[in-house]
Structures are given as structure tokens and as C-alpha cells.
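Take a look at these structures.
Next come two complexes built around chain A: one with chain B, the other with chain C.
This part shows the complex of A and B:
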């Protein structure tokens, strides 16, 4: 008896979607008139900004929970940590370490809570994470718009609105700006490689890859494959799912920290918005589906998605003399990718039922 | 020899219905202990308890004592049972579909790099995939299967999955007690023998094995002791040498007081429907080329072990699962398995999945009874242009009222939601719906499943009455053999999705037991 692995895998989502993105970006780049060096520089910056956020989505997908739109909760945890530290005016390295420490603590607790909730709604995780994101957003707004100056004592008057209650729209992060971004900066022609930050992103990628290739990772995969079967295979399904979600939320929090320090300032009430949609779309653009995601999908996806993101407004400007069109195109691309991936995924499901002939 | 497992006065009930009553059982090291019993006799419940299946705890736990190596245990999860050194090969397989063969076999005991072992501990140590694949391939080779272990399990045929399921357990070094639930059911004779050989080798090395099988021949061949379960009780126990297949079959089926009985009669042999090479792709219950002719006006019983296809016939005819083959109904070929068209032709099916397919749980009893009749045959519409035919409430209520009295459906009012009725009354509502449609040919699947004894008899009586007064041809698919024997004119036994034998209802019990197990009696 001999069975060989089948290779009916051409034309699957894993290959088609990245190629479509490659062609689209190339076409849009042609019309945009932007120089290749400029686009590449921008893509590298965004790779660093968005990379860890996208990577944070991988584990929940592998654990069978679909796209974790609640990564914006992780993002909000970091912003909350930042605001508290700025409020108490802890500057310098101590400040950065405190932000990291606090954002990990906050996101750990948030991940734990979301994990518990998701264990009660098995099979409907994605819609629930979206709603959790909305809910957390309104709590966040409430705390910083109303809480500061009322029940949270204000120490740093600079970040408070002139009426004395609520945090300002934009908070400067100049004390942290460009501290690590320019570390080990290499230049090849016009293209800048901030090697240190690229390595940081790759280090996170490596860590997740490693984790998924341990016994713990096998358990995550098993849970993602089937709850019931994993349970009778002796795995504590609920616990694994909670751990997966905590990991995802903490990674998202760290990702948002990298994102914010790279930009150098942040809009208190809007910086986290779209973090979920854009990261999810980037992951899917790399060829992931809501059932399977690999590290390479995240890395390739960030590149492809952001290339399109950068060139499309300019292409819209040149083609239709209307830059706003490009902006619309951006959100069309983001939501379109997600919708497409969800639909293709269902078709994919049907094909999986093909069974090899009996021995 | 030392007892690995000792069970004392174990009882378990699901929602007040007893599934196991005072079970005593022991397994010695190096013993193969067979357990046989008909469907619903409590075998699966026993396995679930031993292996710590969470469903046991969710439904209120169990009474009694389980001693494992002399120590009292109370397994709460499968993980706990595995850590104790128990292993189980499940009938429906505990394989993760998206993992490869190697990953499935090695799950939880993957070989890892020594370096990262020291660094992070075994749970967070990097997996050495090559060594795992080699190990998995080696175990499968022992079982006589050479296969690329990188294939995902979802792409495997059922018999290959069975090998993988067993390989996972055989590969374990810490295994002391192995529970096997129908390990040979999906294997060919030759593969089954290979497997048995491996099992006997393992038991000689000191492993205790609980072996559940419907293949009585195998049980007789390999078991050191056999325990027969019936209706949740231990009815008999035999040592090696005392085991006889016909005795086991008799003990399994048992004798019961007969109640609703249809007298035997002569049948005409005009066929009303015949199936030629009829196949239905219902997962887990496939029909594979059934040849069966049903005579006009008879009650035909259809029985098989679970998974051998008795339920698929009705579903296939209604187009719920893809079907192939030829169906001749009243000299006409049925080309399309379409529920609506077939109901118009006079064929109706009452499914076994009552909650999911049989009733509209949130609708009233009256709606449920008239639903099909009104939707398909437009029986209760006021005389108006077709799509605007409003429901004739008076006519409908009168009809429903009559049926409720006739069938003695216990309800607060005919507007009560069906969900609130008991199982027996829900089944009566289904019957009332079938009566409203007034079919010429009625399929009923598991009509008495999950309902109490008095309601059972009433349902059976109804079926007999329907047959005798309206000459409706009825096909009952059921695993309740003694009920079929009381009601049916003929009983067809299916094995592996094919017709195995048609028996007269007064054939001896042993013959049924043998036929169900796929053994040609002498």
C-alpha cells in the first residue's frame, strides 16, 4: 500500500491573492509616477511600523479563531500605558521601560478577558472580536475624554485640554522619537535600511515561528483543526485558546508601541483605529486565509499590501485628477481583501472534502 | 495476574434515563477483555467514563468506583486519562484533520531538540520533524502500512485513518491500558488480522486491552474474557474457551415482553418501489449499492449496526444527501431526489433527527402538523389565486383537533410550541404531519428513539393501524430489533451499506445477531 501526497494545490488562495496584489501594485505604481526608491523607502518604514501588528494575527488564526480584530484592544493598551507614563512624566529609558512593562500588563489582562469571552462563543469569534474592539474603543474614549481630570489626577498639564478635563487630540512623543529607528541605518543608493528595526520585526517573526514549532504550537494547531478531537486527544482546549489570545494581544500591544514611536506622535483618539482592518488585510494579502496563516504570509503581505497602499492615492491623482479617489481606493482595497478572503475561504472548505480513494 | 482496571458498581444516567446500571468489570495486565452489546447497551458510555470524556461530567457525572492499578481514580478530562497511561482508539477517530499523519501520531510526545529542551523545557522546545516523521512511518510499517506521513489526515480514506488512530496508541511507551472501540469495523478481513496480530503481541508484553467489536468471530478468536452488556447491565461473562458466537448473539439481543404486535399475513408481491444499486453519500452512514424491492402494502423493517446505512435510504430519497443509482416507484423512474416532487408523488419521510429535521421547534403544534400538507399539497388554502391562498384557519384547526384527540397528543393547546412537548409527543406530532400528507409510501427512521415505553407502543400501534386501514406501505429504519420483529412483515438487514439478508420477523434471535455482525449463519 503506497499513497503519495497530492498536489492539487495550484490556484489556491495562497498563491492567487499575492499575485493579484503584485500585479495591482505594479500597475498602480506605473500610473503613480513615484520613483521606485521612494516607494521602497516608504514600504520599509511601514514594514517596520505594521510588521509586528500583522504577526500578532497569526497565532489566533492557527488556533482556529479566525482573524483577531481585537488586536486594536492591544493597541489601545499601549496607548493607555503611554498616556499614563507621559502623565506621570517618567522620561528617558526608565519611561520607555515603564511603557513596555505597563502595556504588557494591560494587554495581558485584556487578552485574558477576551480569551474567556471567546471561549463562550466558539465558532463566532471574528464577529465577537469586532464588537469587542468597538466596545473597548468606547471605554477607552470615556477614560481619556472624561476620566482625565476628574477621577484620574492630572500631573502633566501639557497633555490636557484647556478646560482641564480630557486628554488633547494629539500627544507628542518627541522624547522617544527616533531613538531606535535610526539605529544601524544602512544606505544603499537612495534606499535606507534601518537594520536594527528590521531585525526586531524579524526577531518577532522568528519567535512566533519557533513557538508554532514546539509542542505548545502543535497543541495550538490541533485546537485550530478541531475542538472536539483536540479535547479527546487530551488537550485543554479552552486554556490553549486563552493562551493564544493573550499572546496575540500582547504582541499587538508591542506592535503598536513600535508603530507609535516610529511616527513620533499620536492621535489619542484615532491612532488605533483601522489597526485591525489594515493588519488583517495585509495578512490576507500575503496569502493567508481565516483557517491557515503562516509567518511568511504576514511578511509578504505587509510588503504587498503597503506597496498598493502607498501608490494608490498618487495613481488616483494621476489617472482621474482626484487624490480623494485614491483614498477611497485604499479602503476599498483593505475591506475588499478581507471580504474576498472570507468568500474564497468558504469555497476552499468545499474542496477540502475531496477524499483520497481507498487503499 | 494483577488487575490494571477494576470497576465496581458503576452507574450513569443521562437526563434521568439510565445508561449504565451497576457495572462490575476488571481487566488484568496482559488480558484482552472483549465487550459486546447491541447499540444503546452502554458500551460507549462506559468508554466515555473511563477515558474522562467531558460529556460525562457535563451530564452529572457517575456513581460507583473505578480503581486503576489499585488506586481510586476519577478521570475528569481525556488529558488526565492519557497521563494515567490509558489510551483509546475511538470509533469516530480522534484525529486532527488538518494535521499530517506524523503530527497526529506524535501529538503530545513529539521529539524535540535536546538543546532547547534544556533551555525552555520540553513543552516549549523545538520539534525535530524529521525524527518524528521517521518514528511515525516506522509504527505504521509495523501495522503493514507504508504511507507518506506528510499527508494531512483529512485527505485519507477511512481505513487508513483507522491505522493512524491505532498507530498513535501503539507508539506510546507509557501505555498500560488500551481501549479499542470497534477498531476493525472499517478494515478488510486481511487488515483486521494484521491488526489483531499486533494487538496480541502487545498484550503478551503486559498491556491490558478492552476490545469492543461487533465482529463476534474476532471476539471469540482473541479475547481472554468477554462481557456482554444489554440495556446498561452486565448480562453474562465468559472465559476463553467458553465463548460461542451464537450464545453471545443471544445474550446481546435478549428477550423482552412483546407488546404491540402485528399478526403475520400473506403479502402480495407487487413491488411499489425498488432500488437498484442505490447509493447515498451520507457521511458516516453511507449506502453503497443497495438492491431492495418493497412490496405494496407491507411494513418493511430496515436494520443495521450504526454506520451501516439504514438511515441513509430515506434521506437519500429526499435529496438531503447526494444519491446515485436507480429508483423505480410505481413503474416510473425517479430521476431527481427532490423532497417536494416526491411528496407530491406520495412518498414521505420522517427523519430520525427529530430536533433538527423532524419538527419546527419554535412553531405551534398546529403549524407543525399542517405544515407539509399545506406547503406542498395546498390542503388548507382558501380558494383563491395560487400564491394568495390564505390559510383556512377553521379547516386547519378542526383537522389538528381531530388528530390531537386521535393520537392522544398531550398538550396545553394546539397553539403550544412543539419545543415544549415531550419527545414522545413530538414524535406523535410528526406522525400527525405524515397522516395529514397521507402518503402512499412512508419512511420512518428510529421512530421510537428517546421516548418512553408507553409512547413507544402507541407510535408502533399507529404505524400498524396506518398500514392496515389505509394500505400505506411503511419502511421503518430502526436499531430496535425487537420492535421491528413485532411490527414488520419482513426485516432487511444491511451490512456496510448493502443488503445482507432479508429475514422473516419470527426468525430466531441468533440469526439476527449473526446477520448484523455480517456472519453467514448455517
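This part shows the complex of A and C:
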């Protein structure tokens, strides 16, 4: 890996991509005419919302599985837990604890299943995780749009559509809303720092950083750099990969919980939809690649990507008198970043294969 | 059937699909639905979606995987049709002009797409997915800003940007569907449409008999062996990818003339998963596909889609059709990915 890093010193993705994002967001901000304080406040809110979701992507990348688009499954696990708890009307602290407990259980099981599946498609994990995400979304819709009211008994009539079958499109979470966001809220001028939540995100970052430096983390890194070498070293490759995926899915589930409680409204069928693409693009924006990701990439990436995300619709409105164009620019940046990372990385991978003996 | 047997007998997806179809047909019979009408419609649906399914074959056979970048070809076809409609070309001239322009534009797009995919050999599927996904917002810029003049295509208010759905009613709506339509009692057989489909099948069949086609086929079967026998791997793959893109462009023209609208903006996103699952339902293993499999798969999948709509309307929850469709689509693609990799990976895993 060291030789590899030196080879690309002059055109280093790790530095070039964040700088491009910085320039783009700065340019878009200039055209948007939004005040710096507003943008900064928004970015801090997004940092809290999406931080843990982005962090959840780091471990699979380190384990050599590429971008885990199946974080969307973790997000759906949380939403499922939330809907069940709301359905059985468990309120207050007990309700929140039950949601956390259930979402961890669901995501553990989901992560186990996905990890098992991915062990059968080594080298093609990313496309499979995309399809798993879509498939899980279909199952999720089947359970909540058809299952509720038919084979799942409905206790809380408020969340059910008027025909008696299926959950409503939007469920109010006001009883949980902003319960922890407003803790330790500091104000410096116009800028608000919800210190507690920032610390929570940083705590998760620290935990993953610590984990990657323990013995288990070393094993993950070994698996990520070469399956053969890891196996020779006596590491159970399949097991490590499954563990990495479980961790990622559970983190994603917790991340979605933070996301939902921050928003306070819960769009049952769309809240999770772009969680995977946006988080992946954010991670890559911070300078990660599909082969290597560090905690700092995730933290920097969330800031850079979401700054661009916040200012571009307004910039589109001011530049072309059409807000939709800014919207298109946003989705182009999200998808384009991933496409670019894939094309560049796979090419590098090829070059490395020539030097080292084939797998 | 014979081809399917040759290709390692009928696999679970086909059995599930056939059972599902039989159940649906039984239900349709008991609900006293118009079976002849359904049959007529199923033929149109076959060709309407079948050309898009056919477009996957060259890439599959050249070893470039399932074409998750199908929106690239679809986009080319949409541009072609929009230009033809912009000049108010109606009837056959309009349709042929659309085809011609689509082929030209898709040729260029396919060439670029092929060059990119050749750089990411072995990971075409994931790269193609995101190339397609990032092309859509780029094209949204084009649809909004391109200087089209025909008022019927533009947003009624403001006059800037194309509509998401452009009607083909005054241009070439159903021109192939109604071409030499033969009526036998209650049955209506669209001979012109089926003939057009047959022509594309024949073209593909002949392509794989030419030297270039054989080279592409050999590349997909065993790349190392093909290289040793002096085949230009990159060239063969590029040709197959261009061909796939061009057929996809033709496919969307056929689709739109049947459907009656040109669908722009995010519409191409809804098309590639059903197409891929169709070729898999037909019995392809995700690494090779025969024309017969593409046709069979397209027919089975479209017939199921057709049957589920009225049946689900009889049930309380109408959304269940759409959910079941996507469920079938994604399960089949996932199954194919897993099954294919297990076949390939069994060598060094054990």
C-alpha cells in the first residue's frame, strides 16, 4: 500500500477530490447568496443527521468490500422498529429504548444475512449490495403497505391509512423530536452548536477509529488487503467479512435513528431512499476511495458534500432562474462522484494487478 | 424449450415464474377476464419491451455483464425521437427519422460508454449502474435547456424545457402496432410489429455468425483463450457495447410508439431492471444469453405484468401489483448474481 501511495503522490485522489468539492461549494455558495451563518448552521445539522450513516461505510471499505450500498437496509431496520413500537404505543423513554433495542436486533440479523450473501460474491459486492437494497425496499413496502392490517394486527389506528390496510405515508415523531438535539446547545453569534450531538457523532468516530486499531481491526485490514495473505495468517476471512458487515449495518441503523429524530417527521416509504447514495458520495467527497477509507474522510466528506448540497438549488435558481437545475446538479454530483471513484479506482486496481501476481 | 434444456435445464426462477403465471391465468379465467384481449395485448407488450431486452444480449455475450447502464442507450433513443418530433415529422418518415437519429446518437454514446467500460473490465455492472444514474441528471439539463421549438413538446407555461411526457398522438403513435394488423375473430395479430421484432432478432442472429460477432462471443466465453487466438479483446467488447446501446435506442423508439408518449427526465430509471430480469427469466445464466431466451423472458415477464393489474384491482390493495413486480424483478437479478458467482467462484473457494 505504501508504494501505491507514493506512485500517485502528484495526482492524489485523497487531496484532489476534497479540493474540487471545496472549490465547487465555494463557487456555488457565492452564487447562492445565502448567508454564511445559515449555511454553517445547516451543515452542522446535516453533519449530525448523516454523520453516523457515513461513518458506517468505513468498515466495509477497509475490509475490502467496497461501498456498502446495503446501509439502506440498516436504515429500514430502524424504521421498521420505529413503526412497530409506535404501533404498540410504547411512549416515552421506554419507547426510545425499545426502538434502539429492536433496531439493533433487526440490523444484526440483516447484517448477518447480507454478510453471508456477500461471501458468495467476492469481488462483486457493490452491485450485489445495490440489488439487496432494492429488494429489501420491496419487502419493506410489502410488510408496511400490505402486511399492516392484514396479517399484522393494528393497535394504533392513527398510523394506518383510512382503508384499514397499510401504514400512512408520513408518521409524526413529535413525541421523540429533538429530544437530544437541543442538549448543550451553544450559541456563538448566529451559529448554533448542539454540542452533545456533535460529541455523539465524534464518539462514534472515535469508537470506529479505536476498533480499527485493535486486533480485530488489524484482521479487517488484513482481509481488506488480500484474502490469501489473511488466510495464511490464520484469519477466518469469511467470518471477519460477516462481522464487518454486521457492524456496518448496525451503525447504519443507529445513524438512521439519529437522522429521524432530528427531522421529527417520518416519511415511511421515502425516508431511507437516498441514504445509501448520499452517504457514499459524502464519504468519497472526503477523499476516500473504494479501496481505502479513514475516519477523517467521513468527517470531512460530510461537511464538503452537504455544503454543496445546501447551496446548489439556490445557486441554480440565481444562475438559471430555475431551481430544478440546481436539483439536477445535486443528483449529478452525488451519482457522478461515485461513478468517477469507481472508474478511477478500478483502473488503479488493474495496474496493481499487473505488478502483483493475479488473485 | 430445447435451448433452455441445453443450457443446464430449468432452474428455480423459471419454475417459480411458470407456477406464478399458471396461477394468474387460472385467476384470470375464474374472474372471467377477456382472455383474447389479454393475448392481443401480450403480443404488443412483448415487442414493446422485447427490443430493450434484446439489447442486453451483445454485452452479455461479450462478457461485459448485464447492462445496468441501459439508460445510456435509452437516452440516445429519446434524443433521436425528440429531434424528429421537433421537426414535426409525422407517420413513417417521423418514425424512420427517429430510428436513424437514434442509431447515430447511440453509436456515439455507445462508443464513449464502451471506452469507459473497457477501462473497468470485470466491474462493468457497478460502473454501468452509476454511469447510467449520473447520465440522467446530466440529460435533465439537456431536456430543460436544449432549444427545442415545437410548442407541443415544451412546458405549457413559461415555454422553457421539455415536458416529462410528450404525446406522440399527432406523430407516429402506434404506427408499428397498426401496421398490417391481422384480425382473426377476437384475436388481433400485429404482424408488422412482430415482423419488426423478428427483423432485429434476425439481425442479431446474423451478427453472431459474422467474424466480429464470433470474436465477441469468444471474448465472453474465455478471455484468455480469445487473446491467445489473436482476437482484439478491447475491440470486440467495444463493438458489442456499441451494438447493445444502438439496439437499446431502437428499443425505446418502439416502446414509445406503442406507449404513445416520449417519457423524459427520470423515466429511463424505471426500465433497466425489468429488462435485465426478463432476460434472466428466459433462462440466461447472467453470462450468456440466446435470442430465444430474451424473447421468452420478455413474453413471460410482460404477460405477468399484464395479468397482475386487473387481478390486483379486484383485491383490496392495488399497490400490491407494483410491489410484487419489483419484488420479482430484484429477486431474480439477485439470484442470478449469486448463482453466477458461485459457478465461477467454486474453483478457488473450496
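Convention: the second predicted complex is superposed on the first by the 338 of 359 C-alpha atoms of A that agree within 3 Å, B and C clash if a C-alpha of one lies under 4 Å from a C-alpha of the other, contacts with A are read in each partner's own complex, and residues count from 1 in each chain.
Quick note on the criterion: a residue touches a chain if its C-beta (ideal position, glycine included) is under 8 Å from a C-beta of that chain, and two chains touch if they have at least 3 such contacts.
What you see is a predicted model, and the numbers here were worked out from it, not measured in a lab.
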item: First, second, both or neither for A:163, with chain B first and chain C second; value: second
item: Touched partner set for A:226, first chain B, second chain C, both or neither; value: first
item: First (chain B), second (chain C), both or neither touched by A:188; value: neither
item: Touching partner for A:138 - first (chain B), second (chain C), both, neither; value: second
item: First (chain B), second (chain C), both or neither touched by A:329; value: second
item: Chain C-contacting residues of chain A that also contact chain B; value: none
item: Parts of chain A lying in touch with chain C, wherever the complex brings them together; value: 66, 117, 120-124, 126-128, 130-132, 134-135, 137-139, 141-142, 145-146, 163, 165-166, 277, 320, 322, 324-325, 328-332, 335-336, 338-339, 342-343, 346-347, 350
item: Complex interface listing, chain B residues touching chain A; value: 51, 53-54, 77-79, 81-83, 88, 90, 93-99, 103, 107-108, 110, 112, 116, 120, 122-127, 129, 144-148, 150-151, 154-160
item: For the chain C and chain A complex, residues of the former touching the latter; value: 68, 116, 119-123, 125-127, 129-131, 133-134, 136-138, 140-141, 144-145, 160-161, 273, 316-317, 319-320, 323-324, 326-327, 330-331, 333-334, 337-338, 341-342, 345
item: Chain B partner contacts - residues on chain A that touch it in the complex; value: 1-6, 210-211, 213-219, 221-222, 224-226, 229-236, 291-292, 352, 354-359
